[in-house]
Structures are given as structure tokens and as C-alpha cells.
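Note sheet for the following structure.
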Amino acid sequence: MSQPVLSITGLTVPLPYGADRANAIEGLSLSVGANEIVCVVGESGSGKSVTASAVMGLLPPALKPSAGEILLQGEDILKVAPARLRALRGSRMAMVFQEPMTALNPVLKVGEQIAEMLEAHAGRSGREARRSRVLDLLGDVHLPDPPSLAKAYPHQLSGGQRQRVMIAMALANDPALIIADEPTTALDVTTQAQILKLLKELQARRNAGILFITHDFGVVSQIADRVVVMQRGRLVEEGRADEVLTRPRDPYTRMLIAAVPSAEPPPARPRQQAAAPILAVRDLTKTYGGRGLFGGGRAVTALDGVSLALQPGETLGIVGESGSGKSTLARCVARFVDPSAGHIRIGGDDIALLPPRELRPYRRRVQMVFQDPYRSLNPRRKVGQSIIEGPMNYGLSKEAALARAARLLDLVNLEKGALDRYPHEFSGGQRQRIAIARALAMEPDVLIADEAVSALDVSVQRQVLELLEDIRERLNLSILFITHDLRVAARLCDRLVVMLGGRIVEEGPTAALFANPRHAYTQALFAAAPKLRLAAS
Amino acid sequence: MGRFLAGRLAATLPVMGVVAVIVFLLLRLAPGDPAAILAGDAASPEQIAAIRARLGLDQPILTQFLSWLGRLLQGDLGSSIISNQPVAKLILERIEPTLALATTTIVFAVLVAVPLGVLAAWWHGTWVDRAVMAVSVLGFSVPVFVLGYLLIFGFAMQLRLLPVQGYVSITEGLWPFLSRLILPTLTLSVIYIALIARTTRSSVLEVLGEDYIRTARAKGIGETQVLWRHALRNAAVPVISVIGLGIALLISGVVVTESVFNLPGLGRLTVDSVLARDYPVIQGVILLFSALYVVINLAIDLSYLLFDPRIRY
Amino acid sequence: APGPAMAQAKPVTIRAVMHSGLRITDPIITTAYIARNHGYMIYDTLFATDASFKVQPQMVKEYSVSDDTLIYTFTLRDGLKFHDGAPVTSADCIASLRRWGKRDSMGQKLMEYTASLDAVDDRTFTLKLKQPYGLVLTSLGKPSSNVPFIMPKRIAETPADKNVPEEIGSGPFRFVKGEFQPGLKVVYEKNPDYVPRSEASSWTSGAKVVKVDRVEWLNIPDYQTAVNALINGEIDYIEQPPHDFLPILKAAPGIQIINYNTLGVSGMLRMNWLNPPFDNEKIRQAALLAVNQQDYLDAQIGDPDYMVPCLAMFVCNTPNATDAGAPKTDLARAKQLLKEGGYDGKPIVVMQPTDLAIVAPLGPVTAQALRKIGMNVDLQSMDWQTLVGRRAKQDPVDQGGWNIFHTTWVNADMLNPVSNVGINARGKKGGFFGWAEDAEIETMRNAYALETDPGKQVAIAKAVQERAYAVGMYYPTGQFISPLAAGPKLKGILEAPAPVFWNIEKK
Amino acid sequence: MSAENRTMPSPVTSPLASRLATLPPALRHPGVLFGLAVLLIVGLAALAAPFLWTGDPILLRPRLRLKPPSSVAWLGTDAFGRDVWTRVVYGARVSLAIGFSVAASAVLIGLFIGLVAGYLRRLDAVVMRIMDGIMAIPSILLAIAMVTLSGAGIGTVIVAIAIPEIPRVARLVRSVVLSVRSEPYVEAAIGAGTRLPMLLIRHVLPNTIAPLIVQGTYVCASAILTEAILSFLGAGIPTEIPSWGNIMAEGRQSFQIAPWVILFPGLCVAATVLAVNVIGDGLRDALDPRTARRVGALR
């Protein structure tokens, strides 16, 4: 192998005083060769993003590397002058940031933002030349109609499109190194697949090295040449992708890989068919906007005559394209938004159009677990207070509510002491378990989980999924489970509905649907899911 | 957009209605009697009562309000009780100096405060930041009239660079016009600069922490460009809001500044007519102020469109 | 607009800052001094008082009094012309006097005794009295508010409680209507048609020769600014710079400080006779014994050069001056009177106008004096117009009434028992605010008005003053002189009981 | 960002650090400490006014008017011969009282209105139009009208200055409420059947505190200044009750011959306003929910 594009040796970045560990990264060494894709995986907070920022010279001021070197084609990033560093950024190395929603400047047209990259590195001087180059780039990343797209603002693009704009920007000056930090976390599998394909194509064409950060093993297995595994700031394992995935040596790697849910639905659970569904939705329609005194602008039909039924003890999965109305459905059922028309029966009563005042008795029976566990807990209230709030609203005494909360914490595998701590003192997985405990404290009939595990890394995700499996058995709970991760759906759900454009396009038992998808969109969805070659667990 | 405009303009009516009612009640409940003022020192109660009757001040408040409203709807603001001049004429005569002062103040304040705020945010936590903040807070701490006197003392009396007082219309030459506005503008803009600079600082500071700033840096563009092109435009909306909110503040400040520098503007007209209980003039001026306020707020909301393409109406 | 002749050379303009802004342009409906000053600019008077308190003809060429002193015949000078070009006629004078007679206190009195006013011809008219009356010429030559200014008949026929529609007189200046901004700026230009008398100027009598093209009155509300502007040469004249600024003005090069009104100004402490405790004569006397004039003058003026300690109600250094009956501060006696009067400790409401710098200091001084003898004082700050509204209320204190307020008068208004409103003892029936009521004084005032012998008038005035102090009509808080300040370019500023702009040159 | 370092929990290693760590985080900010110290001094001086070598604040000595600072009158005398030091010390009582009660009342009332308007859609339009209306009336004018309406007095001045501030506070609170009401934890609480008053108190209110403190300090500072302006216009506190505002307003006449009358209260106003503003800025830095969230998220 010739000189690597990027070679990091012995890099250590200390954390500021008072953090949970001394160094964000410690003695890290890794390299990326030309025309090579190196995937970095590891738990949340293991230092992946800090590594990426260090390479770009974009560490936050609080973090200063204390040892090691970062060679970009032989030049030490940590030692070069700021002007030189600026010259290197964007021309020799470029980065695709994790969050396409926030990484683009909302007030500048995307074309301008790409052109700025060219401008900054003088190479292409003429305004016209730059313009045509921008259009070429937009075409390269398979964006439709580049001339009009270049004039769009970021908020006018879908998540996938923005992600591709970021990539186009990164490629603008043919950099030798591309760093991509979890570029697909927020995307549904179809869009994700497009982007991965694109990256691979481009890399091959331009002979660049790519450092790709992700926690999705499906993605790793699809594109990685080599894999680097990080834990608590250290590199614990490194090797060729197929080797690491199929024959992991480090225990941590093995644990991670074992946590990846399989795409095969487990055998259907034996359940007795109840006579009446606990939740029945019929012809539910929701139109946003359009009304209002001074006109709310465009009207969006987010739900268009959706019907479904949920049996006691059943877990119903909802999958579908981004923007297909999944969250809207969940929020209508929980009555956080008012449906425009239709029926929602809980037990026997139709609550679809009840005024808020009369909803209170039903609130207890339907509980929701939100996608973002941190934001769904009031940061200023102790965990205990959050859990007992609901039961006490319905007349339980404080002692009884606390006793129940303690029991539930035990159920979700947290010690009792957790009651007196604040949400920020917990990890993401723990918080999600607290949120589940809070929902369960209401002793609901139906639990709605909207993307409740999407933000978690695989090991934590696995804990939460296990917890849900356990609880639904013990409490005979009905669950409406919304996800874009087909593996997760396959693992947990008894039945699945597939949504597209506000309608249900297909529905059936999980195994049957996986085996034999009939609707074209369902087929596309399954096809897009990354295939995995993993170590047998 | 059209509907938004129509809606907003429609919403001004209730606002102005509220203002009209509040002001009317406040004035009529306040003690003091323009008739007694007109009648003079040696007037008998009968003479005062006769004047009250002639002015219609002996009618029930509701009747007075309705007749004022009726005339207003015909576009008639009435006449000053004291000087007998039409209110519209009085206001027209006074509007120019106030408008001139307000404009120079806003322009000057923005030109100074925004760069100061940006600098402070950029040098966040350093002495530059602290100096800018200290200066702007200090500016905020000196009563307007004290500052006015100090400026007059320094620039007009000691250095003899500028005139002490007065107003000259721009039609009589740019320098005569400007020279008389410089000190009042400085005086009035200090508070304003403090307010805008602080808002700009915190707003830019917030934006500097955003992901797209990191993206911009990752492109390898210079820091100046990061600051002006990427940060400032995103920080604009709160800054514009505070400029808008500050206009109410400006109107209050104008009152004092106009007296100190003897500018024949609306602020003085307002104070004079309040002190003389010249009801029709006060009502007219306040109505104008509230209309102005509504229009300015609308303009500000519209200007958001310029800075943030995500905002639509 | 300035005529073509003026447009050629730059007009010589005096820029003057007056004590307040002109809003009401009718010197008959208001007693406001600014309106009086305005009146002297554009109107002329039949008679005028000179520096030795003698009444001299002004518009009148000659006059005669019948032997029974009941018929006065007046003949106007030649060539008197209003600014609209019309000649001044007897009819104009009669209408103007009638209107003035409805408003001015001396005018009202004169009209009481007047049987008729008749035109003999265009330039001659007569005033016929019902009985002999001593103050006919004194009234017609009255130097201060309300001055019987002569207006065209059509304007003088405006109801006496309505502002005149036009500012047209026959005086030495013309009002420039187009440049009038109420409360801000008044512009006068020289009246080229004015024919001055040949006598030397003395107060408001004699020649009124205008030596500049324009006079602009500006209202600069902040004296600090006005003083600075004068020093900087932006203005030429400040009518009444507060005394605290005089040291600065004196120190500034070329600034002249001129005591133009040697008669000066008097302060007045006025009690409300309708409300307890000052409905009780003993307590009013207690108050008069508690206060000390020197304190007022010190607080108000500060500079001894400009104060005239004086307890004469009809103004020191004038014919009627006397200190008869004047109280001497005596706290022990005051306390005793207070006890005798049965003061119950209820708070005394003293109104203090904080926006009127010359009156503002009086309230606190009174409060401190009354507290010293054990009165409970509620000193209430307010703006002058609130005070003006509130002092007209005859209600009890807890219903918006009041106990004490202070004001100041130009001494030209205080010279005799008839014109001095503080001595008006008619109570609620036409008395001045405070509504002092005393039949004895009213009788003496009438006697004074009817008395034609100046020596006897002086005796009556003395008796009135003694009685007025004894019943506690008011307390004079002291006389003072308010000088004017002028820039180095002004020459020839005249002494007068009101600021006048004729005879002033600007070089 | 360095704001985060400052608010990172301090290491429990040195004794000083551990003592600092026991302070609420907002109080550890140096600006806040400085501001509090200044306010404490001014506040104590106001409370202990009679014991600070002061005389009678309303004792007129007309013969001693406008005397420069001397051993008799440390800070000189004003145009009534009153002792400036005494009046400035007593004036602290009034000025602080005005600053704080205006801030407190404007914040409390504005908070209530903002919460209600932000949460009850139906009231929102009406209430906010009224607020707009009040906001459109120049505050000085309203104050003059109020003062002339009910007479000059501390109470009136406080009400007069507070009223125009209420709409600004209400707007601020409303905007916070609008953004908080869609937070998942608020929905979670609704889902848990929490009734409206509790929902507002427990979940919405705490989020308004940080911006309200900033706004409150701003209002407090500007109230002290507005009182001075009102006195300047002759509609302020009665002269019998010394306040920094009316001392300066009365002293402005003698500004050039007796600058001490204005200078000392002016310095006091400047120091207090500076202190209050610095506290406000410090609290904003320290309590910024974004900073707080970022710190939390990092752990």
C-alpha cells in the first residue's frame, strides 16, 4: 500500500475537568488509504465524532489534543498554521456532517453554499465556471433537476436530498479524504440505500479515502473495506470488514454484533384471539393547516382514511416512508392532535372527536413513549416526580404512587435510587427505560411507541427491545410500535402495517409480510434494507 | 402573503381601537381641566363652566367619545383646545424633526451596535467582549438628559463644533440639518446601541454554536466570511425584533431628547399637550403613534422574509 | 411672508427665548403673561403707564374729563392703522374696551360704573360714568394682564371666552401667521405703517420705534439649553433665565444681564378659606406667624442681589407701599394660636407644581415652616396644569380639594387693592381661588376705586393691607427681580413692566 | 463553547472549588457575584440609611443652597440646601423599591397573562391585541397620564412604569409557552392526565424563569431610569421623598454650577443599573436552557 491518505497515530484528546473520563480519545491510531472505506463503529460517546473533528481541525475550543499526530497525506494537521489548515479544509479533506437538517445554512441557497466551497479554494475562478460545476456536482449525486434545485433553500429539500447536497459539497474540490459522520441515521432505508450507493460510486470514481462513522451494522457490512471499533475513547479492534463482522475478537465487538437484531422475524407468538379489539381506528383522516383566521398556508393530508385494529396483548408495527403519517397516526390515537374525521374506539367508546375536557378518563388507558427520551422527560424534575405525576393525577396517594414507581423501576432494571436523580444523569438507554416506566405507571391498555429505539445504539437498543418483550408478556400489554428499522420491526411485532402517503398500503402478520411482500413499495422497502453477514450469535 | 398582509392590517383596527379607548379614558379621568386653563387665573366658576360647555366637556364621557370617533371616521382629528389649530396641522408641522431624529438614531445605532455586538460575540469571553458589554451597559445607565447636557457641554460649549439646539429642515442644507441632529442622535442612540449590541451579541453567539457554522468552517473559508455571511444573517431575526421593540423605547426617549435639544417634534407636542390637557391633540398624537407602531411591526415582520427564507406568511 | 424689500438684505432678526410658549394668542381671554407680551407686540393701547406710575396717552392724542368727572372724551391720534390696512376708529376702541371689560377684573369694575361708551365721530368717543370713579385712567393704562389692547371691531366682537380668530392690531409689530407654531415659535415683523409718538419711551408709554426687521420668539423648554444657546450666540435674548444660571451668564463674555422690570415679581402663599383648618382665622394667623419670607427668597432666588424682602402687599417702592399689619415670625405665638384654633392634626394638602421652577421651591418651605409649629403637612407634587385644575375645586380635601398653593405675580398687577386679586374678598362669589371673604375689605376696595384723591387712596390701601393681614388673606413670600439676559449684539433694551421689543437694535 | 466550561460541575478537588460548587451554578458566574455585591451594598445602605451619618433628608436650609462638598455636607447641598449625601442614601430606598417592585409586578402580571394567552388559544388573540394596544402607547406618556391621574406618589409611579412593561413580559412568556407546549415532556404530562394549572406550574413555568430573570433585571434597570425621566418631566415622585431620579431632575438646573447634585445620584444609578444588568447577563449565560441542555446531553 502506498502512503495512506490519513494516518492518525497516538492521538489523545483530554476532556475538560470534571467529565466522566479523562480523555475523549486516548492513544488512537488508525489510517485510511486511497480508495478505501474505513467504518468506525462504537457506542455513543466513544469518541467517534471527536476523532472526525480533530482531523478537520474543528474541535470545539474546550477540547485540545494533547498528544499524537494526524497526517493528511503526510502533513500534520495539528501543527500547520491556521491559514494552511483553512486551505486544506474543503480542498484536500471534506466532511459530511451527521445532521443534514442543521448542517446546512438555512438562509443561503444550496447552490450558493456549494459554490462557496469552490470560491474558497480559488481553483475555479469564473462565476460561470463555478455555476456549471455546481450543477455537475448536483447531477453527480443524482439530485433531480439541478438548475432549479440549486436555487432552493435547505428547508425546501427532503432529508435525503439535503444529505446529498452535503455530499456534493464535500466532493466539490475532489478531496483526498472524505469524512462522513453518521450520515444516514435519520433516514428511512430506501433513502439510506441511495446514499450509500452514491458514496461508493463516487469513491471509486475519484479514488478518495473515506472515513465513515456509523452505528448501523447493516451499513457497515454494505460498504466497509475495513472496520475500526471504538469504546470509551480507545480503539479496541480493527480489521477487514468481513473479518471483524464475522470473526470479532474483542469481547466488546462481539457484544455489539450480537446485539444487532436479525432480519428474520421470530416465530409467531402463540396468542388467543380476543373477541373485541382494545383499539380500533376507522377511516381516520387528518389534515394539517388550511383553517385558521388568517390562513394557515398549505393544507397537508397526513392521514387519509386509515383503519386498523389492535387486539389485547398484540404488538402492531407501523413502518413506512418518512412523512407517510406514522407519527400523525400515533398522535391522533393519543389525542395530542385532533383528527379531522374518523373514529378511534378504545374499549367501546369513540374518542376521536371528544373535547379535551372529556378525554381525561381515556388518557390513562393510552400511553405514549416518545422517540427522544431526553426531551420527553422534564429536565427540571426528578425521575421519581415524573413517574408518579400521572398516577397521582388519577387519585393515587403519594406513598402508593412511589411504591408503584419503585416496583416499575425494578421491572425496567433500574435501581430504586434512580427516583431521586435528574434525567440528565442517565444514559440514553436508561432514559428510554424511565420513559417506559412512566408510561407503565399509568397501567395503560395501549402503549404507543413512536421511533422509541431509533436514536439508540445497537447494544442499548437491544436492552430496550428485550424489556418491551418482557413487559408485554407480563402485563398483557397492547403495543403500537412505529419504526423505520425493519430489523427492529421484525423482531418485536406480531403484525405489521406499511404506510405510504397517509394510507395503509399493506398489512399482515410479520412473518408473512417479510416472506411475501405484495405491494410495490413494501417490496422496495425490503429490498433496500442492507443485507448482513455477521458472526453467528 | 397577500392574505397575511390583509390579516395584519385588519388586526391593526382592534389594536388602534384598544389604544383609542384606553387613551380616551385615561385622559378624561385625569384631573386638570383645559377650561380652567383657558379661563385663566381670575376666572369665575361660571366662566369656566361656560367654556366647558362650549368645548363639550360637560357631556358624558361616552357621548364625547362617540362624537370624537364619529369625526375621526370622517377623517377629522379635531382642533386643539388651547391654540385652536387643527390637530392634523399641528402634527404635520411636528412630524419632520421627530422622523428625522428617529431615522438618524436608528441608522446610527444599527451601524454602531451591530458590529459591536458581532465583535463581542466573536471575542466571546475576552476583554473585547467585556469592554463592549461594559460600555453598552454603562450607556444604558446614564439618564438621557444627563448625557444630553454632557454632550452639549463638551461638543457645543467647549469645543464649539456643533450648535447647542434647534432644528433646521433638510431643505435648508445638509450640514445645517445634520449638525443640529448629531448631538441628539448620539444622546438618544446610546440606550439603543446598548440594547441592540447586547441582542446582537447573544444572538450571534447562539448562531456561532450551530452546526452550519462548523460546516462553513469545514469548507475552509475565512473567519470574516463565516461571521458576516453565515452567522450574522442567521442572527438577524432577533436583532430586528429588538429594533422593532425598541421603537416604543425610542418614542419615549424622543420626549426628553427633544426638550433638551429644543427640537420641535412630536415628543414635545405630546408632553406639552398632556401637561395642558389638550385632549384632541393628545388623542391625535397617540393614534398616530399606535398606527406607526403597528406599521413598523408589520414592516419588521415583512423584513424577516428578507433574512430568513424559512419564514412565510 | 417677508416683503420684497426684506428679501434683498438678510433681515435683522432678534431671536428671543420667552418664559413660555405662546399658544393662546388672545391677551383678553387669558391672563397668561406670554399672551400679554404678545399683545404688546402687535397691539397698541389707548393709554400707558410710565416709569413714574403716571398714565400717559398712547393711541389717544388728547382727552378731557368733564367737571363732574363723569364724562371722559378721547380723541385718537392721526394715522393709526390696523395691520390689515383699515384705520383705527372709535368703534374699534369701544368694542375692544367692552370685551376687555368682560374679562379683566379692573375692567369689570370700570364697566360696573360705566353708563355708556359712545362714538362721537370716527376718531372721538366718550365714556360716561354712573358716578365718579377714581381708576378710569389707571384701568385704561393698566400695564399688565389683562391689558386693554385695541383690536378691530370685527375681531373684538368675538365672544369673550373664545380665542380671537385673527391676530390683527395696530401695534409696532405684525404677526406672521404663516410661521406661527403654537407653543414653539412666534414670528413678528416690523410694522412699517406704525407711527410712533414723539415722546421718549418710558415703560409702555412714549415712542415705540422698531429698529429690527423681525423678532422671533422661541420656546426652549430647557433653560440649561437656552443659556448655552445664548452663550453660543444661537439666540439673542432670554426673558427670564432662572437665577441659578446668572453666575454662568455673567461669566460668559459679552452677555448682558438687564433688570428691565424693576417692579419685579411677588410670590404668594394662598390658603383655602373653605376647608378646615384654614376656615379658621386663628389658624390662618398661626400660619402667617410660622413662615419666614427670607426662607422663601433664599430657596427661590438665592442671590441677594435679586431679592427684595418686602411685606408690602401693594409692592415696595410704589405709592401704596407700607408694612402695616405685617406679621413677624413668632413660632410660640403661632403654636398657641394653633391650639386656640383647635387644629386637629389633619394633614394640610400643599400643592407643589414641580414643572414650574420659580414656584416649585415655595411649597417645601411652607411645609417645613408649618411642620415646625406642629402641623401635619401633605406636600403633593404635581404639574402646574393639574394644580390649575385642582385649585378651582371648592370641594373638601378628601374629595379632591386643597389647603394651600403658591403662585407668583408680576408686581404691575399688584399695585393697588383693586388690581391685586389676592385682596379680592368676595369669597365664592367672584373671589380668587381660596375664596377669602371679608365684607370690610370689599367696602374699602370700593372706596378705593371711587376715591379720586391719590393721598386718600394711599390711606385706604394701608387700611386694606392691615385688615388683609389680620384676617389672613394671603402671605407675600417676597419680591424679587427676574432680569433678562441678552447677547452682546443687542442694544437699547428698555425698562418696562413687561418685556418690550421696540427700541432694541441688533448690531 | 466556553459558557459550557463555566457551568460544568466543578471538580470536587480544591476546598475553594468545593465551596463554590455548593453555590447554585448561576451564582458562580463572576459577573453575577460582582453585581450581587454592589446591590448588597446599595441595599444595606438603603436599609441602614438613618445610621449612615445622615441627617433629615427633607430639612431645607435655604441659606446653604448649592454648597460644594465640604465637611458639613460631604456631597454638598442641593438648591434647597438639603444635604445631598443624606438624600442620596435615602434615595436608594425609593429607587431600589421602584426598580424591584416594577420588575416584580411587571414580571408577575406579565407572566400570568403570557401563560394564559400562550396556553388558551381562544383568549390569545384578544389578550394579545390588548397587549399590543398598551404597548403602542408610549410608556412615558402613559406614566405622565397615570401620575397626573392619581397624584404623584411612589405607588402611582410604580404602577405607571410597570404597566407598559407588562405587554413585553407577556409577549416573552407567551413565546416561551408556545415553544414549550410542543415539547414531548409537556405532551407526556398531558398524556398523564395533568390538569392545566398544574401543567403550567410544573412544566411550563420553570422554562420561563431564565428569560424572565433577564427581562426582569432589564425592567428593573429601566424603571430606575424611567423614574428619573418622569421627574425630569415634572411627573415623578414628590420632592419630599428623595429618589435618585428626582434628585437628578431637580439638580439639572444647577448642572453647570453645582455638578455634585447630579453627579452622585448619577453614579449610584449607573452602578446599580450596571449591577442589575450584569446580573441579568450573567444569569442568562448561566441559565441559558440551551447551555444547560448541552451540558446535560454531554454527560
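As written, the chain order gives the labels A, B, C and D, with residue 1 at the start of each chain.
Keep this in mind: contacts are C-beta pairs under 8 Å (C-beta built on N, C-alpha and C of every residue); 3 or more make two chains touch, one makes a residue touch a chain.
Just so we're on the same page, UniProt names per chain: A = ABC transporter ATP-binding protein; B = ABC transporter permease.
Model, not experiment: these values are computed from the prediction.
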Of A-D and B-D, whichever chain pair has more C-beta contact pairs: B-D
Euclidean distance of C-alpha centroids - subunit A vs subunit C, Å: 87
Centre-of-Cα separation between subunit D and subunit A, whole angstrom: 45
Where subunit B and subunit D are represented by their mean Cα positions, the distance between them in whole Å: 22
Centroid distance [mean C-alpha coordinates] between subunit B and subunit A, Å: 49
Subunit B: positions in contact with at least two other chains: 31-32, 149, 153, 259, 275
Residues of subunit A engaged with two or more neighbouring chains: 293
Touching two or more other chains - residue numbers and ranges from subunit D: 1-2, 148, 233-234, 252, 255-256
Pairwise chain contacts under the document criterion: A-B, A-D, B-C, B-D, C-D
Subunit D contact footprint on subunit C (complex, rising order): 223-224, 242, 244-245, 247-248, 294-299, 302, 352-355, 357, 360-361, 364-365, 367-368, 379-383, 386
Complex interface listing, subunit B residues touching subunit D: 11, 14-19, 22-23, 26-27, 29-32, 124-125, 133-134, 137-138, 140-146, 149, 153, 198, 202, 206, 208-209, 245, 248-249, 251-252, 255-256, 259, 270-271, 274-275, 282, 286, 289-290, 293-294
Contact footprint of subunit A on subunit D as seen in their complex: 1-2, 4-5, 8-11, 125, 183-185, 187-195, 198, 202-203, 206, 292-293, 295-299
For the subunit B and subunit A complex, residues of the former touching the latter: 3-4, 7-8, 210-212, 214-222, 229-230, 233-234, 307-310, 312
List of subunit D residues in touch with subunit B within their complex: 1-2, 129-130, 132-142, 144-146, 148-149, 164, 168, 221-222, 225-226, 228-229, 232-234, 245, 248-249, 252, 255-256, 262, 266, 269-274, 277-278, 281, 284, 290
